[in-house]
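Have a look at these structures, which come just after this line.
What follows is a pair of complexes built around chain A, which joins chain B in one and chain C in the other.
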Partner chain A sequence: MGALTDKYCIVGVGETPHMRPSNRTTLSMACEAVKKAMADAGLEPRDVDGMTSYQAGDSTTSNHVATSLGMRLNYSVDIFGGGSSTEALIGNTIGLLEAGYCKTMVIFRSMNGRSGRRMGGQAPSGPVPPTRAAEDNQFMMPWGWTSPAQRFGMSAMRYLRDTGTTTKSLAEIAVAHRYHASLNPKAVMRHPITIDDHQNSRWVVKPLRLLDCCLETDVSACLIVTSRERAYDLRQPPVFIMGGTGRTMAPNSAWNYSRPEIHYVAGNYGRNRLFGMAGISQKDVNLISCYDAFTFTTLIQLEAYGFCGKGEAGEFVKGGRLQIDHELPSNLSGGHLSEGYTHGVSMVIENVRQLRHRADDACPGWAEGTHSYDRQAGCRQVKDARIAACLGWGTETMSSSAILRGIAA
Partner chain B sequence: MPGPIDYSKITITPDFDTVEWWMGTKEHKYLVRQCKDCGHKWFPPFPACNKCNSMDLDWFETAGTGVLHSYIVVTQPILGAFVEAVPYVVGLIELDDCHEADGSLVRVGGVMLDDEEDVAIGLPVTVEFEQTNEANIVVPRWKISGTADNTWKFSE
Partner chain C sequence: MATAREKPRPLIDNLTRPFWEAAREHRLVIQRCQDCRYFNHPPRSVCNACHSAALTFEPVSGRGTIYSFSVMYQPNVAGFGDELPYLNILVELEEQPQLFLVSNLSEVQREQVRIGGQVEVYFEDVDAELTLPKFRLIA
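Up next, the complex of A and B:
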């Protein structure tokens, strides 16, 4: 186990609605998310003295959020990055709290991911005008190979060839995450879908269809981390951080495509650190959030983090294994495929709520931890949820992760 | 063959590490970086050898031939330059003459001149150079150059 296992806790979570469009600034949305997370934890602005965020040149800063909310911070830093950032910043935060740089830290992401800068690269009005191909993009953009779907599609295609997996396995993931979204009042896409719906959806870039791709939404989402001793005095059952990894790289990470296997992803290099630090095995995990920028990213991470063998994920996901009440429920909020897109924070938030036994679903008593487990009635609380693995993804060659433990079940 | 690509809608911006590569394409050379000290080859042209850390580097002129390792078929254009080109195939090409004893190799991307129906993983490909409407920019394209056993095609 890690020296700091269970010593720090996630004590507050909050987010804005997923909007399309928000008609708001990233600063305004971030203030709302941080306020909600503080209220959730039972913290006042004066109790928070650390703040960190990540962005891609598309967001506000900790400086502006703290100023707007009347906080004086002892530590703040904003980093560059996308999907591999949430769990990496949890790791940073543990180190900072342990070293005494601050006592209670906010982690947030705020993005107009649909109405502002779209990660898919497409402007709201259609294909984008003249574009600058600089740095690595010199060797991708001129060949019309730019968006995440186009980049990850290359690895997905080779994976299908090497393993014999078909796109029906990708469909299983889309169906599972959408089913969970149907139980989440906050989710953008709530109509359940079938394997056939996936197979009949239009191509975006072969081998990926529309229903293989995540949503793009305007949203801010926030986590608050503090020490175990402080957590005991706060409003919610604490969720303990057992271990994690931060932006673990595969070899040759800046050019995935010359690696021997372009679908042997970074999680393979983080797996033993993650489970070793947490002191548990995959069998101990009750639920996961498995980064679903695309169905394929979820699929490949199941192998990378050892939930199934190499090349076996296509079979593993069949029969609803990733759905609630089955062996390994994944992305209980609906994930980025169906709830909305936050570059990872919302997946950790959902796991925190599940581990508190307080999934915000249709059960009248959810806020007190009373659930019916009746899926027809809209309950999405995983029964006896104790341990959740957060499996982040940045690219094939970069990923972050965390294992969380609750005490409410 | 895919429709025309409007390169005027992309501003290719070479930097100090890459400008010689783009000059190479003007002479119809497909270059990769090579270490003068240990002979290692790589691409894109990062400025140090990741085997021996030498920064004393050369360029290796490849034969411009390889094997298709993977591909995608873009049906929805993202860049303005490719609006007329869809559907087009981007190939990932494993270069023939960059294999090293320890298994390291070089793969590069490029737009195929062939249509989706003719493309399969495992087929041999060769480079062709396309003059763009920007006088200084010549872009490599790739085309199927033969047949092979054990090819694989994506089927819906």
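Up next, the complex of A and C:
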């Protein structure tokens, strides 16, 4: 068990609608997301004295958001990063709260991920403008190799070859996450898809097809963390932070490929710390969020975090195992593949809602925790959800994670 | 090539200049530690293996194996629109395990690409200032 296991809780969550485009500033969206999370928790601006965010030079900062909302912060730091940042900042936050730097802390991401700066550098309207590739990028971009799909596609190709996995296993992940999106009124892509739909979708970067790739959306999303003593007085059932890891590296992290096996990704180096700190095993986990920038990133993380053996993920995901009412439901909101794109924070938000038994679905009583579990009627609450693992991904060589526990089941 | 000027170009710095200058002369050189003989690519300020700063560039054979590849269909990258779909390969040079270069495979051999394919370097002069090492299949 970790020294701080269960001492801190996620008490508020909120987000703006996923838009393409938002026609808003990242400051405007962030203020809305933070206000919603405060309302969700039952907190006032004067109750929040810490704020942190992550961004890639594409967003507003904590001091602007706090100023707009009338907060005076005792702690504010914004970090650089995309995927893998959310769980890392949860780790930072509980350390800061324990040390007394602040009492209640907001974690947010705000991004015009479609209409503003797009991943891989693509401009909103088309190809990237001419660019000079600096540092390690000069050994990649001049050969036309610039985007996350290209990077991860290279790893996926080798993985498929080494393990005999086929792209039908990738399709299983696309189908599962889309099915969950079909039960999520907030999701951008809600029509269910089949394995064949995936197999017939166009190539983006072989071996990745269109339905292997996440969406790009404009959105802000927010979590609020405080001590369990404060959490007990707030509006929602608390969700306890059991353990986690922050941007755990694989060796030679800067150059993505110089390590013994291209698909032995960073989560392999973090999983014993994660489960050791949480004091549980993989078998205790009821649901996961598994970072789905691409179907492949979900697939490889299942191995990295020990939910199946090395090379076995392709078989593991078959038969709908990642779908609700099956063994290991994944990305219950639809994830980045089908709900929308937040660089990870929305996946943690969904896990919080699931652990409260308050998934915001079609059930009339969801806000009070009353669910029908009737999927035909649009219920996406996982029955008896107690423990969720959040498996974040930055690159093959960088991963963060968190295990959360609810008491509302 | 009409689109060469639009393509991403290297921002050459003091650390990487020997690689690019050798490429201009159609030679492939890789940074090597003079203490432990480990090859480092991309070039580093200190050796990845032993942390020595005694690093110089040495010629390599230019032969290697295709460790993996991907085929780009998306018109994301300025200057590459006319070449879609194009092939990126990760070449493991024969001098050292996991000594990887990202490059392209010769256009005419696109259909023959396979993991494990043996390749050798050739040089494509983009313009007067820039030459890119690329690879062709030899087996």
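By definition in this document, the second predicted complex is superposed on the first by the 408 of 409 C-alpha atoms of A that agree within 3 Å, B and C clash if a C-alpha of one lies under 4 Å from a C-alpha of the other, contacts with A are read in each partner's own complex, and residues count from 1 in each chain.
Rule of thumb we're sticking to: contacts are C-beta pairs under 8 Å (C-beta built on N, C-alpha and C of every residue); 3 or more make two chains touch, one makes a residue touch a chain.
Worth saying up front: this structure is predicted, and the values here are computed from it rather than measured.
Superimposing the complexes on chain A yields a three-chain arrangement in which chain B and chain C clash. Of the two partner chains placed by the overlay, neither chain B nor chain C lies in contact with A:I403. Of the two partner chains placed by superposition, chain B and chain C are both touched by A:R132.
In the superposition on chain A, A:Y257 makes contact with both chain B and chain C. Residue contacts after overlaying the shared chain place A:L223 against neither chain B nor chain C.
In the superposed pair of complexes, A:A293 makes contact with neither chain B nor chain C. By the touch criterion stated above, A:G153 is placed in contact with chain B and with chain C alike. The contact surfaces that chain B and chain C form on chain A in the two complexes overlap at residues 120-122, 127-136, 138-147, 150, 153-155, 157-158, 161, 202-207, 252, 255, 257-258, 260, 262.
Those residues of chain C that touch chain A in the complex are listed here as 5-13, 16, 41-42, 48, 67-81, 83, 85-86, 88, 90, 98-104, 115, 130, 132, 134.
Put simply, chain B touches chain A in their complex at residues 5, 7-15, 18, 22, 42-44, 46, 50, 69-83, 85, 88, 90, 92, 103-111, 116, 121, 137, 139, 152, 154, 156. Those residues of chain A that touch chain B in the complex are listed here as 120-122, 127-136, 138-147, 150, 153-155, 157-158, 160-161, 167, 202-207, 252, 254-255, 257-258, 260, 262.
Note for the complex: chain A touches chain C at residues 120-122, 126-147, 149-150, 153-155, 157-158, 161, 202-207, 252, 255, 257-260, 262.
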